[in-house]
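Right after this note come the structures.
Two complexes, one shared chain (chain A), two partners (chain B, chain C).
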Partner chain A sequence: MAKTLTQEFTKGLWEEIAPFRLVLGLCPVLGVTTTVENGIGMGLATTFVLVFSNILVASLRNIIPAKVRIACFIIIIATFVVVTELLMQAFTYPLFLKLGVFIPLIVVNCIVLGRAEAFAYKNNITLSIADGLGIGIGFTLSLAALGALRELFGANNLTIWTTPTSVFGVQQVFGANFEPFTFMVQAPGAFVCLGLMLCVMNLMGSK
Partner chain B sequence: MVVVLTVLSALSGGLLSGLRNATASKIEVQQLKFVKGPAIKEILKGASNDPIADRFALKDGEMERKFFVGKFDGKVNTVVLESSGKGYGGDVGLMVAVNMENDQIVGVGVTTHSETPGLGATAKDDPGFVSQFKGKPINETYKVTNDGGKINAMSGATITSRAVCSAASNAGMIYKKLKPQLEEKLKEFK
Partner chain C sequence: MGYMEIIIGGIFVNNILLAQFLGNCPFLGTSKKMETAVGMAMAVVFVLVLAGVITWLIYAFFLVPYKLVYMRTIAFILVIASLVQFVEMFLKKSIPALYAGLGIFLPLITTNCAVFGACILNVDKELNFMKTLVQSTAYAVGFGLALILFAGVRERIILARVPKPLQDTSIGLVVAGILSLTFYAFKGMI
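Take a look at the complex of A and B:
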C-alpha cells in the first residue's frame, strides 16, 4: 500500500499527531510548555533533529547493519541534537536558557527514535523527509497549543516570540483584573491540561 | 558492522568539533550579553565605567583568561575574574570581583551552570548565599560549614555550594599568580 507524499506529510498533523494520538514524547510536552514561545522553540528544535535524522537514516538504510541499527540511529540523532544545541546557543541564546536541559533530552525523545526505526529505516529519502516534517510540525503545534492553554490561564499572556527589545504577543488577554491560575504553569497543571486535551481529541475522534 | 559504527562515530565527532570551533566565538558573545554581562553589572554595582567594554585577556600558561575592570570613586581598583568549580550537573561558572588595593572580594555572582532547577540553580538568584563572600579576603580557601569552613551552604544544594566555594578558592589562586600582571594592566585604564 503505497501512500502518497501528501498522505505521509499530513498524517503527522492530525491522524498520528504524536503527543495526543500516540501519547509519545511526553517529557518536553509536560516540561517546557509553560509559554507558547517555549513550546514553539522546543517543537522547532525537535523538528530540525527529526527531519535531519530521518534523511540520514533513510539514505544510510542499506549500509546500516540490522544488528546495530539502534546504536547507529542514536549516534545520528545525538549528533544533530548537539548541532541544534550549539546553533541555539549561538543564535537564540535567551530561548536556549529557557529550554535548558530539555534540548539535550531530545536525544532520548522516543518520537525521533521511533520515526527512525519505524519509518526512515524502511522508506526512501523523500518520503522520510515528508514524514519527519509532518510529525515535527504536528509536535510543534501540539506543544504550542498546550503552551497557549497553560500560558493563557496561568499567566494571562500569550507570547509568540520575544526579542531582547520587544515581545510579540498579547499581554493580559483577559484584562488586568483577571487573577491567573498559577497552578496551570506549574507541573501538575501540565498533566491536567494534557489530560483535558487528550479528552477533547478522543471525543472528536470517536464518532 | 564495526566499520559502519566506527565511520559513523568518526564522522559525527569530526562534524561536531568543527561546528564547535565555528560557533565558539559567537556563543561567547551571547553569554557575555545575556549571562555574564548582567552578573558582572550586579556585582560591580555603582561602578562608573562599563565593565563589559573594559575587558582584557592575559595568558596563564596555556590558557587565556578574561578579566573585567571596575572603576569606583574615580579609581580603577577592581578586577573581575572568571573561575569555575565542579557542581552536580557540570561546571559552575563564577565571577569574582576583587579590590586590588586590599585584596578583598567585592562580590561574586554565579553565571553559567547546569544545576537542578529549584535546588542548585537557586545559587544564581539567592543573594543571601553569594553575599557571604563579600568583604572576605581573596587569598583564602573557602569551604562550606559541613567541611569545616565558614560558608553556610544553601539547603538542598550542598554540592553546588561546594562548587561555588571551590570556584572562589580557585579565583584566589589565579589572582595570586597573575597579580603583578593585573596591576600592570590596570594602569592602562586610568
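Take a look at the complex of A and C:
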C-alpha cells in the first residue's frame, strides 16, 4: 500500500470529491438540497451506509466470488439502507419525511456501489473505513454547500439543524427587505446552481 | 385522480428527470449522442413499466399481507436486478434485433434511480393496479421525452464555443436547468 490512511481519508474531501469530480450520485445532490439541513441529513445517511457497506465488503472480500460480486454488494448496501431508514424513522422522523424517496434511493446511489467495487473489494478494513468516511464527508460537504447556496438566495435563510424545540441557523440573512430568489429552491435552480458550482470547481482545479 | 391527470402529471408536470430528479446519472451520461439517448430511453420505457407493475404486485400480495413492508427496499432492488437480467436473456433469445438496439443500456438500468424511485413512489402513493400501470408508463414516457430533448440540445452545444471551465457536464447541467424551467410551464395544466 503506497497510500497512507490519512491520504485515503483526505482524497474524498477534495481530490475525488464525488459529486463534483466524478459527477456520480447526482439524484440526491439535486433533489434534496433545498436547505442546508436536508443536505447534511442526506449526506450523513449516505456516509453511514457507505462506511458500513465498505466495512462489510472489505471483510468479506475473500469470500465473495468475483462473478456475483455486484449482486452481493447490492444486498449488503440494501441491508444498511433499510437499517438507516428504520433508524431515521425512529430518531429523526421530520427529516425522514422531508428526504422522502431519496433515503431508499441510497441503494442505487452510484457512489456507494462505486466505492464497494473500486475500493473496498480490493483493500483491507481500516483503509476501507478511511475511504468511506472521506468520500462520505466529502459528499456531505458538497450537499451542504449546494444547499447553503440555494437556501441563502432562494429562501433568505440558513438552517443548519432543526430540533422539535429550536432551530439552529440564521433566519433572514440579508434582512427582511430581501426578496427571495425563488428560482433557486425550485427544480430548475438545482441544475443551474450545480452547473455553475461545477464551473467554479473546474476554474479552481485548472490552476 | 383521473387517468388523464396521471398521464399529463407523469409526463410533464412531475417529469421524473426534470422535476423529481430521479435518474440523473444516465441523463447526463448517455445524452451526448442522440443514438445512445434513444437507446437508453427505450430501455427505460421497457423496464420501468415492467418493474412498476411487478413491484406493485409483490408489494400488494406479498409484503403487505406478511407485514414485511419495511423490507421493500431490499425486495424491490432484488426484483429490479433480476428482472433486468431476465429481460436481457429473454430479448437475446427471442428478439435479437431489439436486444442489439438496447444492448449495453439494459444492465445499466439496475442502478438507475428512475426505475427504483418510480416503483417506490407508486407504492407510497397507494395507487391501485391500473393506476400503477398508467403512472409507470407516464413516468417512462416523460423520462424518454426529456432525455431525447436534452440530447438534441447537447448535440448542438458541441458546435457552440463554450468557455473552458463550463464545458461538458457543467454546461449540460445549466441546459438541463433551462429545460426544467420550460417544463415548469406545464404546471398550470393540472
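Assume the second predicted complex is superposed on the first by the 206 of 207 C-alpha atoms of A that agree within 3 Å, B and C clash if a C-alpha of one lies under 4 Å from a C-alpha of the other, contacts with A are read in each partner's own complex, and residues count from 1 in each chain.
In this text, a residue touches a chain if its C-beta (ideal position, glycine included) is under 8 Å from a C-beta of that chain, and two chains touch if they have at least 3 such contacts.
Just so it is clear, the structure is predicted and the values come from calculations on it, not from any experiment.
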Check whether A:V82 is in contact with chain B, with chain C, with both or with neither, and answer first, second, both or neither. both
If we overlay the two complexes on their shared chain A, which of chain B and chain C does A:I63 touch? Say first, second, both or neither. first
Chain C versus chain B, contacts on chain A by residue: C
I'd like to check the shared interface: which positions of chain A are touched by both chain B and chain C across the two complexes? 71, 75, 78-79, 82, 86, 100-101
What part of chain B is in contact with chain A in the complex they form? 1, 4-5, 8-9, 12, 15-16, 19-20, 23, 26-27, 30-31, 33-35, 114, 117
So in the complex, which bits of chain A are touching chain C? 23-27, 30-31, 71, 74-75, 78-79, 81-82, 85-86, 100-101, 104-105, 107-110, 113, 186-192, 194-196, 198-200, 202-203, 206
What part of chain C is in contact with chain A in the complex they form? 18-25, 28, 70-74, 76-78, 81, 110-113, 116-117, 120-121, 124, 164-167, 169-174, 176-178, 180-181, 184
Report the residues of chain A in contact with chain B in the complex, numbered from low to high. 63-65, 67-68, 71-72, 75-76, 78-79, 82-83, 86-87, 89-91, 93-94, 97, 100-101
